[in-house]
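Labels run A, B, C, D and E following the written order; every chain starts at residue 1.
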Amino acid sequence: MTADVAESIRADAPDRARAVVLEATGMTRRFGGLVAVNDVSFTVNDGEVFGLIGPNGAGKTTLFNLMTGLIQPTSGRLHYRGADITALRPHQVAARGIARTFQNIRLFGNLSAVENVMIAQHVHTRSGVLAGVLGLPPAPAEARATRKKAMELLDLVGMADRAETKAVNFAYGDQRRLEIARALALEPHVLLLDEPAAGMNPSEKQTLSGFIRSVRERFDLTVLLIEHHVPLVMGLCDRIAVLNFGKLIALGPPHVVQKDPAVIEAYLGDAG
Amino acid sequence: MSAPDTASTPTTSPIRQQSGPDNAAHVLLDLRNVTVNYGGIQALREINLTVRAGEIVTLIGANGAGKSTTLRTISRLINARSGQIFYDGRDIGSVRPDEVVRRGIAQCPEGRRVLTRFSVLDNLEMGAYVRSDRAEIRADIERQFTLFPILGERRNQQAGTLSGGEQQMLAIARAVMSRPRLLLLDEPSLGLAPLIVRNIFAVIRELHEQGVTILLVEQNAHLALQYADRGYVLEAGHVTIEGAAAELADDERVRQAYLG
Amino acid sequence: MAHFIQSLLNGLSIGSVYAIFALGYTLVFSILGIINFAHGAIFTIGAYFTYVLTGAAFGFNGVLANRSLPFGLTLVIAMIVGSLLAGFLSVIIERLAFRPLRRRGADRLLSLVSSLGVAIVAVNLIQYLVGAEIYTYKGKITGNLPSAVNFGSENTPIPIRTVQIVIFGVSCLILVLLTFMINYTKIGKALRAVSEDATTASLLGINTDRLIMFTFFLSGFLGGMAGTLVGSSVSIAGPYFGIAFGLKGLAVIVLGGLGDIPGAVVGGLVLGLAEAFVPSDYSAYKDAVAFGLLFVVLLLRPQGILGRVQVQKV
Amino acid sequence: MSDFFHAHSSVIVSMVFAAVLGLSLYLPLMAGQLSLASPGFYALGGYVAAVFSTKIFNVASGAHFPIPYLLIEMIVAAVLCGALAIIVGIPALRLRGIYLALATVAFVEILRVVSLNLKITGGAVGIFKIPQPFRSTLQYLWIALPLLILAMAFVYRLEKSRIGRAFTAIREDELAADAMGIAPTYHKVLAFTMGAILAGIVGTVSAHFLNTWNTRQGDFNASITVLAIVLIGGSRTFLGPVLGGLVLTALPEILRSVADIGGLPHWLAQFLKDGRLIIFGLLLVLCTVFFPQGIITPEFLGRVRRLFSRRPRATTADEARAAP
Amino acid sequence: MKRLAIPFLVILALVLAACGSSSSTATPAPAVTKAPAATTAASAASGSAPVALSGQPIPIGLAIATTSNVALLGEEEKNGGLLAEKFFNDRGGVNGRPIKVILQDTAGDEQGAINAFQSLISAKVVGIVGPTLSQQAFAADPTANSAKVPVIGPSNTAKGIPQIGEYVTRVSAPIAVVAPNAIKQALKINPNIKKVAVFYAQNDAFSVSETDTFQTTAKSLNLEVTTVQKFQTTDTDFQTQVTNALATKPDLAIVSGLAADGGNLVKQLRELGFKGIIIGGNGLNTANIFPVCKAQCDGLLVAQAYSPALKSDINDGFKKVYTDQFKKDPPQFAAQTFTGIQVFVEALKSLDNKTKIANMSIEDLRVALNKEVTAGKYDTPLGKISFDKDRELVQNDFYVAQIKMNPDGATGTFVFLS
């Protein structure tokens, strides 16, 4: 524990790959009689792509929800760069630089693509009600910058040409991409992606894989990823954690995890 | 795959028996060019799908590919934008959902959706809502308890307090209680431990042997194709591949598309 | 002590009126998740139906001034027939003002407005037809019983009006019957299934439309009966008779937990007791106490006094 | 024409007030919060004006009430309503949907009972002889119209601003907004408070306009009326409540005049006169059935916009065809 | 369906708007007045003739609440007002010219009262009788006052009504005079009365001011007010108030409220065992309470500003036409509204005798009529009335009556006591 804290203090040290960004300790969440997440502990290092896999209902999304403050753990702590963020509200977690996407896509459906991305820059802008309504500084400059940045991000995900289209009107894959663009607008240090490839066809998945890698480089991100698509996870992740019935059953580099009998039994089941 | 758990083998069939050996050729369900718009996006595009009497047909595909939407459309929970749905030769594209059940199609919905505030017994009774033969219903409930002994042990327990696997069994048993000719199963393996999944699939096979035709939606393609006669692969609302289950299991495209 | 018992009985007496009003109100909410402002109007109309059916004549205002039916029923029979008519009316209202909204996938809140429209029509139609006069039933629902029962002694009387005791009894009886129906009959179970999960219910072969119609019928029937009972306690004080209960009724069904049937009775009694125990010097703030209680309960237990906590799905 | 305006000046002015009141309910709705508290703050604003103009400011009877005083009242009402809104809003806005609506109804009712029992508010009789800042009713438009236009401009600009986008995000999906760094409680209370301030300001002007103020000004019925204004008009664009306020206030008065048209059969004229509220109620039901999204929807506005932008394009196309 | 709906509503709105405006804009702006559009047939015949072409009825406005939850009072006023129109026209109207009572509904709120007043003012009425509630009067009367249109309040009893302005007066007296009489009457029946329980409707302006008078009087007569119980006019159950009061063992109960709530309170007092005398305020001075408290109304002492028992030509005449039509004694609100119209008619007559009203512009007529109204003395169903220099009503006769219910328990009479 103390060693981890010491490690996290060195977060800005040149040897970044080893710095701990996120540390979950004994995270547990019960719903009534059901233990959705059961005593899960792990660390995520700066700059890595960290995969989270497990069968449906294993508690992966619940873990994401715990990490982003959407639900509170029954017990356990969560540290981000050494600071305890267990009790923070979701917007406070977001303001610290942890952004996420959702398994069942939660875009602001009636808003345009560009508005969706603009909204996510909320924490990086300041103008209040009066400045916004009366067009006083810094509102106009901020508005321009916000839109410009939003367009850049849309361009990045290849949707700049449809910036004014309402989010509900996009196809599934585009909605996923838009959600990633929105999350990036938060200028996060850590990006949590909940099944980003769901609903995409193989070639789209390939593209997505490359995209995630390039985004990580470009924005200097740490990425956590829930994904079912095993090849995608294997090819992309530096380390993989496997959840089953809320418990962490394996954690390690892909090739090690892949061979773990418990994982094969739990996750690949009959297919194994 | 091991043989079905002997403990769960029923003594008598609770299921309406099919008549005649030529049933296998009889087309029970036929979707023709069905297109569905859902939440502003096109959820299904020109789906064509047939299920013959006595078959197990599986519909596989990734999350969001439109599998559940297909079942919901068949059960008339959502309206198709265009296309036709024939059941037993009659267009059911405009009947009410409860009428669909009356005509013999039962659905076991995704996420189980048992009536959490009802007891196990009441859930099963509700499954037989369209029937009025009280004595027969009683007998059928007892058959379910033979098929799923764990439910029998918990007959008076509130369904909300059951474990996930027990709820899934209850949901299937409840669907069967209407004595359907066609059973629509939506992701029966969702969130369940492998052992339990195996148990449930054994029951599905058992039901099939008793004469129920099954349309099975599964994410676990391996598993589904093991049990099914034929399969359809759904990608982004479109049927991309179809064929005999055994062929699909070996099909490189399926591996590409789904298993990777 | 006598004061305490008196306040307790007063609370139950007031509360049972709230409860009997709220039963039909909450029934609709339990199935559709909507608040039916027209319930107050049904309550009123039920009271008027009974009045007409007893063969009594209207007053001298409105289109139907001095008219009466050529026959007259005894009060209890008239109440039953009147309540049935109120039930049918409720079904018609459902067809005209609620079902079209449901079909069009409108926001549930909108049904507040359409039921408000129905209430406005009903109130003004009553006034147009029979005026705003006060009407009273010929007979007494309590028959030849004395008008009050003394729960105390000769020297320290604790009187409660007999008709209020009848209303209390009927509220409890309806509660028992409803509870029985909902838990042990096929249609009752179907109602619960629809209220828990309408989609699953239709997958079980339940015709939800027909069931909703039945719910409205039942709600209207109970509303009409409540209107007659309360009317025989305090007379039918014009077209706004039932509307005046609407706001308190709302408080009651929230206190009891929206859509919770035993909760409606408990909520009514709790509200009645809260009002009865407001010290006499502060009686002017009685209504503020009632709504303060509502506010606090909403903040602490939005699911109501009896309600179950529901886990929000993220 | 001017005769028409004078004859209906009070209706016209109150239409404008209702439109602003509709906007005051629309503001919290922008952030997805259905609050029915507007009439409570409206009543409070009215009491501020009534108390100040009859008990604090000394205006010789018969003299006109100075406009600067009116502005002072508006500011005081705004501050009071804003403060009360924050106090009530922080706990209440934890509630969702219908529960919030009911909590605000309870709040309005509590305010009503309290003002019925206070000395300063004049109990049941209320406060009367509120001095007049204007010579005629129609002149109230000098303050009502700018108020409406400012409120509309405010809401229009707000929707396009950073805070407005945050509101919209919360309305669309509170959870996702939260995860995107938007503090839900802060913004919900902010929207609620702005609505309260607007309602309070309308109340102050209304108190002068009505000459008197009492506990019947902000009650449950008023809450429901304002809700109807917003839902009938359309709750997804600020033009909805404005139109709803104008139409729903005018409708009973229009029905009043319809009965006076010559040439109608006697029974019909009589029915229209006595039964105008029956028709009003029917129209409410019809409106909800035919316009489940309200009369003005963003889609409707989009169609209107296209209609106007297509025309010039069509003419240029015609010219192009004619050119060779 | 939806495609049809939009044009449907647009057309509906246009039609309504067109109708709405046409009926009002039909009268252009000339200074000379013609009969209002609302007088249907008559107006069709008239051009833009001067106000008072002989034979043309003289329009008098009646703005009262015929809808909303105060309609119970409004309906009585409507009956009284419309009866007055026929009554005085049958007796030659204003020196041969008939009057026309134009009714506008104020509904129950202040805004509605203002709208109704404006509508009447633009319909060129010479004066207005209305509105129903004092609160509405405070809102609407200033409108008439600034338009220089005389207003007579038929049932506005709150303090400060005539002070609204020089065009405002009323025929409804605050009950101050009669309250002592009622209590004295009760003491006359039972000299041993010591303890008094007081009840009043706290949300009714009239009841609030009335109860003050009752309480002061009771104290001045050395009676002990053991409890003051408040309720709302919308309340129906008074179990708590009654049992709280009964616990103090009062000999006398005084109730200030309106018909439905007051009647219920009386009924519940009796049912819960109160044996003493009950005094009802002026709000209970209506046969509408009979169906509420039925046999239990019997013996109730009621303070009255109007008594059907008053013997005078005008009251006999009024009572006769009223009972002919409605089969029961006229209630106070009907009598007061009747009186309001009567005051206008008689003032118009006496004005016409001085200067021909046919030659006056409507504006001048209104101003002159207002002066004439407050200057005159009238023999009305309320007795002889006049107005003091502050335009406050001077009414000589107040009454205390006791209710005698008939054996059927549904009908009864007010028996005049003093």
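Here is the rule we use: contacts are C-beta pairs under 8 Å (C-beta built on N, C-alpha and C of every residue); 3 or more make two chains touch, one makes a residue touch a chain.
Everything numeric in this text was worked out from a predicted model, so none of it was measured.
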{"item": "Separation of chain E from chain B in steps, with touching chains one step apart", "value": "2"}
{"item": "Chain located farthest away, centre of chain C as origin (C-alpha)", "value": "A"}
{"item": "Centre-of-Cα separation between chain D and chain B, whole angstrom", "value": "53"}
{"item": "Intercentroid distance (Cα basis), chain B paired with chain A, Å", "value": "34"}
{"item": "Centroid distance [mean C-alpha coordinates] between chain E and chain D, Å", "value": "33"}
{"item": "Geometric centre distance via CA averages, chain C-chain B, whole Å", "value": "43"}
{"item": "Junction residues of chain D, two or more chains touched", "value": "116-117, 175, 274, 277, 287"}
{"item": "Shared interface positions of chain E, touching two or more other chains", "value": "67, 202"}
{"item": "Residue list for chain A, restricted to those that touch at least two other chains", "value": "70, 109"}
{"item": "Complex contact set, residues of chain E against chain D", "value": "1-2, 5, 8-9, 13, 16-17, 19-25, 27-29, 37-38, 40-41, 43-44, 66-67, 103-105, 107-111, 114-115, 118-119, 121-122, 134-135, 138-143, 146, 158-160, 163-164, 201-205, 207-209"}
{"item": "Chain C to chain E touching residues, read off their complex", "value": "2-3, 6-7, 10, 13-14, 17, 60-61, 124, 127, 131-136, 138, 147-148, 150, 157-161, 164, 230, 233-235, 237-240, 243-244, 275-276, 280, 283-284, 287"}
{"item": "Residues of chain B touching chain A in the complex", "value": "1, 39-42, 62-65, 161, 164, 187, 189-194, 197-198, 219-223, 226, 235-236, 256-257, 259-260"}
{"item": "Residue numbers on chain A that touch chain D, as the complex places them", "value": "68, 70, 89-95, 99-100, 102, 106-111, 115, 118-120, 122-123, 125, 127-129, 131-135, 139, 142-143, 146, 182-183, 186"}
{"item": "Complex contact set, residues of chain B against chain C", "value": "75, 77, 96-98, 101-102, 106-107, 109, 113, 115-118, 122, 125-127, 129-130, 174, 178"}
